[in-house]
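Heads up, the next two complexes both have chain A, just with different partners, chain B and then chain C.
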Partner chain A sequence: MTASAEYLIALAGNPNCGKTTLFNAITGARQHVGNYPGITVEKKEGVHLFNGLKLRLVDLPGTYSLTAYSMEELVARDFLALERPQLVINIVDASNLERNLYLTIQILELGIPVVLALNMVDAAASRGIEIDAEELSRRLQIPVIPTVARSGTGKLELLEKTAEVAAENRSWKPLHISYGADIDPVLDQMETDIAGSDFLLDFYPARWIALKYLEADEQVINKGAEVNPELSSRLEALADHVAEHLQKTLETYPEAIIADHRYGFISAVLKAGVVHNSQRSDRLYLSDQLDQVLTNRFFGPLIMLVILYAVYKATFDYSALPVEWLNAGFTTLSAWMQTIIPPGLLQSLIVSGIIDGVGGVLSFIPLILFMFFAIAFLEDTGYLARVAYMLDRVFRTFGLHGSSVMAYIVSGGIAGGCAVPGVMATRTLRSPRERLATLLTAPFMNCGAKLPVFAMLIAAFFPARHAQMMFLLTIFSWIAALSMARIIRWTILRGPSTPFLLELPPYRMPTLKGLLIHTWERTWQYIRKAGTIILALSILFWALMTFPLLPDARKSQFEADRQQILSQLPEDTRTSLMQPGIAQDGLTREIAKASQRIRAIDRAESEATLQHSYAGRIGMALETLTQWSGFEWRTNVALLAGFAAKELIISTLGTAYSLGGADLDAGMSLSRRLASDPQWNRLRAFSLIVFIMLYAPCLATVTCIAKESGAVKWALFSLAFNTTAAYLISAAIYQGGLWMGIGG
Partner chain B sequence: MFKNWKRNQACPCRCPKASESCAQPLSNAKAGKRFKVCAISGGRNLCGRMASMGIYPGVEMEVVCGGCGCPCVVRVNGGTFSLGSGVSQKIMVTSAV
Partner chain C sequence: MPTVLLRQMAVGQEGVITKVTAEGELGRRIRDMGLVPGTPLRIQGRAPLKDPVAIKLRNFTLSLRNNEADYITVEVDEGK
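Right, the complex of A and B next:
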């Protein structure tokens, strides 16, 4: 054994057994969170150096079994079979030993060396449960180490034992359990058949494969059919025969018999002296008492509303200041860049393309940080499971899951959220169809970037009803999101609702370390992945709005106009007037007037440039289509820019209407401009509001959708679907309004 | 005669029609009472999945909240589970003595 020996070690256990807490306690911040390829189950890896040994630890997702009932179980099993770790640290909750050992038995049946971490012995002791670890170790013939992951008790012994067992480099020795007179003979026969033919044996022991055939495990059977179709169908026939026989004679499934014998084995292991239970099992503990209030039929939903609102408020309030700092930082950076780089394409690229684009994304970071912290807190305390439980019935009607509520609220269910953390919040959803439907519809909510546009349009066209309109829009977005989810679940994500089956873990105080690690890891993932893609796309958008440049003839025309005004002024004021952002006071009235005229020409040039660019051309080409919703090319360009970031809608609309984009009160002057424009009216404004609410999510969100759903096609789908829905609905509103004679 | 003996000896997942006392699905069970699972009728997959969570024929559970419209809540051994109506309709229980 060399000093640089490296061992691969998997951490396995039931959900909520303290597995991740133990993982954090061992690896600290030296961990890496990624996704398993193609799916969204998080894969956590960490390295721990112990006495010169390098332990590479992988935190498997929490599972109840190793049969492929869920994505998590599949991932855990594949990892064990394909990566073949040296050993598994199996974490079991000491206060619920019987059920936790069910997984242990299955790992032992696979044959991997196991070290059992008997976790939360303190909590068990407070419930009157004492476990004789030595006796348990003797009966299971594996090392058993009592631990308390939260405080780190037993961590060192666990690592010592782990290093010791890993160094032995044992081969896999499957545990042999008897499954009774009905199953054992077939199991033996299948085992001999498999062992004789080198069938999937690189991955699993023969008896284990046979057992999976009996349990009708689709994944193993499909794999088997690929490797050796003949043997596979023979095994299937045997399994079917047993199932049929059991159904006929005992009216039961093979699964039930297998489970019964496993639990039988477990109770044999635990009986006579391993577990001492000195208290009545039906005593109410603090956690149960809390539940009587928090999930109470009347107070539960009320308290939930308060808590969700508090989370939302805290997330956005606490992040407001850092977001402002970041924005201020980027503004300063832009200003500084403008002074060191001469005006021209390069300056424009760096300032408008790169800094604005990447800055726009990076300024989300505090928001995401706080959102993940809040969600990690709700998740780790165990409250999120209760929220899902209480809301499941409502959301199920729309084909969603109780946990969908978090994503909706964060996305802007309470106006002013952000779809980026909202989409990422869907990670707490376990069922794939419901999760996809949630992350596709969450962007319909009114995020903080849409609000200024709404405020501008409301101020222009519905000045007396600001609050009512905002409330109406919030309700409208909920209705839109829920009904779109229903439509999606009836069509492309068709399929029965995943049965609602959720463990409500006991309430626990989360550890700060765990919260910080989770928050940081998830945020870092966002910075890295979203940052790179968004950089590329924001440069693309900059190019769309910049090229092709205005022809020289028209450029010189604007220049000539400016020169003409300048030539009427005295020599000494000319140069100072040409500088942008010059102070207007202290100038004579005549010069101030000239200055205003020059600015007007500048703005007209910006408008002409925008109209001439690809974006402008696209906007005009789209007019034929968007006139049905009441939008002309200026609006179209603004909406196009809004795809890069919704914040850009106002500034682009400002440019398109020849208003100074840099004016501090751009929103208000635009509002006045639109209100006085004869082409605009309430109907058109409302149609635009609805369109903006529903159309394609911004770039940052789309990037997140691609990442979270694991497929670019869903991101493209959300672009197409949302835009189509927005177009149809706004067109219906506009045409309906015209027909009823509103606006006209 | 022999068949009956066998049934009583090793019948972990009896079907409801055969058994006299499998009176009701869990979805109808009253809150605050203890029940014994006598069958899971929802197909092999559900049966196996429930077993891995510690809910299998023969197990006693306490119904914490039931029949209130939300998914019902049961306490089994040390764990608390919330089961949607789709699931709880398929778990047949009889009141435990």
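Right, the complex of A and C next:
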């Protein structure tokens, strides 16, 4: 053993066995969270120095098995086979040893050295379960260390044993168990065939490969067919032969027989003297009693509504204040920049491009922090699994999963949410198709940034029906999200629902440390990965709305108009009038009037600049299409800006209607302006509301969709799909309305 | 003793799994969770809309959809 030795250690275990708690207890804050290349499964790494040894720990995703069906399992298996850690610390839940050992057996079949952490022995003891760790160790022939990850009990012994075993640098020694008279002979034959040729042996032991052929494991068979097609098809033929025989004689499958024998092996290991259970097995524990209330037919859904609403309220209420501080901070910064940088392109870039962009990125952070804290709390207590259990029947109808509800609610299922944390909330979903369908449809919900636009339009055209309209729009967004999910699951994400089989873990009080680490990791990932992209795209949008600049001829025309007004005033007031933001009071009536006329020219210039910009040109070019929905160029430009951030819709529409920034007190003047505009009517307003509800999610959300789905194509899909859906539906509403004689 | 499909069992009823007929991914998931022949289980409850069903086995609680429970045959204790 050298002083600078470094060992790679993998942590493996079932979900809910306390694996992450143990990982946090060992590595503390010295950990790094990333993703496995190309997929969205998290990869957590941490380093722990122990007696001069460097232990590099990798927390594998929690899995029940090492088959290759889910991403998590594939990742765990590939890590073990390809990265070849010195050993695996396998964490098992002492109260639930039989099922936890199923994974252990599969790791042992692979042959990798294992140290077993017999976790939560305290909770097991309180349920009357005592486990003889020494005897278990003797029977499994691996070290077994009792631990309590929450309190750190047994951590030192575990590390000592880990260091000791790692230093031995053992070669892999696969566990041989018998799978019965039907499987064993052919398994032996296949093992001999494989061992005799150079067939994937760099990765897996021969017997394990043979086992995977019998289990019809696609990943291994595909790899085998690439390396040696002849041997691979021979092995497949052998496996098929056994499968046929088993089907005929026992009506079963090799996989099932193998699983039966693994469980049989576990029973034999645990029999006589390893597990002492001093309580009746049908006793109802506190957790079961809680379930009788919390998942009760009547009280369950009621309590769930209250809890989900409380989570929603807490997330958005607690984050409101920090968001306000951030906004106030950025407003102050913008104002200060405007005083030190002369008006012009540079000022515009810094204020409207960079500061607004950074502000846009940062303003989501309090939301993400609180949302992840709340979700981590629900997840770690075990309640989130109950939510999925209770709501699965409803969401399954739409091709989703019981857990989809969280993402929907956070996104604005209760009006006023935010799709950025909503999309990130889909991480709790483990079924790939259901998860993707959820994250693609969650942005249909009415987020907090869409609400002011709705409020402005409702105030203008449906002033007496504010509450009813908002309620109607909330219902409408749920219908839209669910039916779009159904359509997506029938078309591009077609396929049977992923098996549900969800463990309802015992209720537990989460540790604050665990919650904080979890929350911080997720937030930091957002800042690091999404933040930079959002900022870059915000600047791009600023450029779209700024360039090309108004030609000098037109600029000087506006300037001449201003000078003309000024020339009629006494000399001493001219210079002060040209300063932006001067106090209006204390001026004579004549000067105040002149000042207003100058501001009007300023606003006309802003409108002309916007119309002249790329965004304005795109808006005008789109009129041929959007006239079917009732939108002209001003609306189009505002919608384009709304793609950068929905908050920009009102201010851009204001600019397009020559309303200055200061006049836009919460959109009220815009509301009056639209209400008095003969071109606008209720039908057009409603069509626009529906379009805004459904069209492309904002930049930040789209970026998060790309990150969370692991592919840019899904981000592009959501842009195209949502906008097309919004267009078709709003056009149908507008044209249908015209046909029925409403509006027009 | 009579055998029934897991879906047909009443809340509180106990039994021992005799057969699992699911194949492919579902079959594997079912076995991964410890639902193999010979395993005793008890129906713990049903979700408010009667689906999924929650069962207790090997000292933990598992929920599965009714259409997944249809692949599992259970020998039930009579009189319960």
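As a convention for this text, the second predicted complex is superposed on the first by the 739 of 744 C-alpha atoms of A that agree within 3 Å, B and C clash if a C-alpha of one lies under 4 Å from a C-alpha of the other, contacts with A are read in each partner's own complex, and residues count from 1 in each chain.
By definition in this document, a residue touches a chain if its C-beta (ideal position, glycine included) is under 8 Å from a C-beta of that chain, and two chains touch if they have at least 3 such contacts.
This is a predicted model, so every value here is computed, not measured.
S.K.: With everything superposed onto chain A, say whether chain B and chain C fit together or clash.
M.R.: By the criteria stated at the top, chain C and chain B clash after superposition.
S.K.: Contact-wise, after the overlay, does A:180 reach chain B, chain C, both or neither (first, second, both, neither)?
M.R.: first
S.K.: In the overlay, answer first, second, both or neither for which of chain B and chain C A:249 touches.
M.R.: first
S.K.: Looking at the overlay, what does A:297 touch: chain B (first), chain C (second), both, or neither?
M.R.: both
S.K.: Quick one: is A:95 in contact with chain B, with chain C, with both, or with neither? Answer first, second, both or neither.
M.R.: Once the two structures are laid over each other on A, A:95 reaches both partners.
S.K.: Which partner does A:393 contact after superposing on A: first (chain B), second (chain C), both, neither?
M.R.: both
S.K.: Now for A:67: first (chain B), second (chain C), both, or neither, which partner does it touch?
M.R.: In the superposition, A:67 contacts both chain B and chain C.
S.K.: By the touch definition at the top of the document, which applies to A:483: first (chain B), second (chain C), both, or neither?
M.R.: Neither partner.
S.K.: Where does A:500 make contact in the superposed view: on chain B (first), on chain C (second), on both, or on neither?
M.R.: both
S.K.: Identify the overlap between the chain B-contacting and the chain C-contacting residues of chain A.
M.R.: Of chain A, residues 64-65, 67, 69, 95-96, 98-99, 102, 251, 253, 255-256, 259-260, 263, 282, 288, 291, 295, 297, 385, 389-390, 392-393, 396, 499-506 contact chain B in one complex and chain C in the other.
S.K.: How about chain B: which of its residues touch chain A in the complex?
M.R.: 3, 6-7, 10-15, 18, 40, 44-49, 51-54, 56-58, 62, 64-65, 68-71, 73, 76-87
S.K.: Touching chain A in the complex: which residues of chain C?
M.R.: Its residues touching chain A are 14, 20-21, 23, 25-34, 36-39, 42, 44-45, 47-52, 54, 56, 58-65, 68.
S.K.: Across the complex, what residues on chain A touch chain C?
M.R.: Residue positions touching the partner: 64-65, 67, 69, 95-96, 98-99, 102, 129, 251, 253, 255-256, 259-260, 263, 281-282, 288, 291-292, 295-298, 300-301, 385, 389-390, 392-394, 396, 498-506.
S.K.: What residues of chain A sit close enough to touch chain B in their complex?
M.R.: My answer: residues 64-65, 67, 69, 93, 95-99, 102-103, 127, 180-182, 215-216, 243, 249-260, 262-263, 282, 288, 291, 295, 297, 385, 388-390, 392-393, 396, 497, 499-506.
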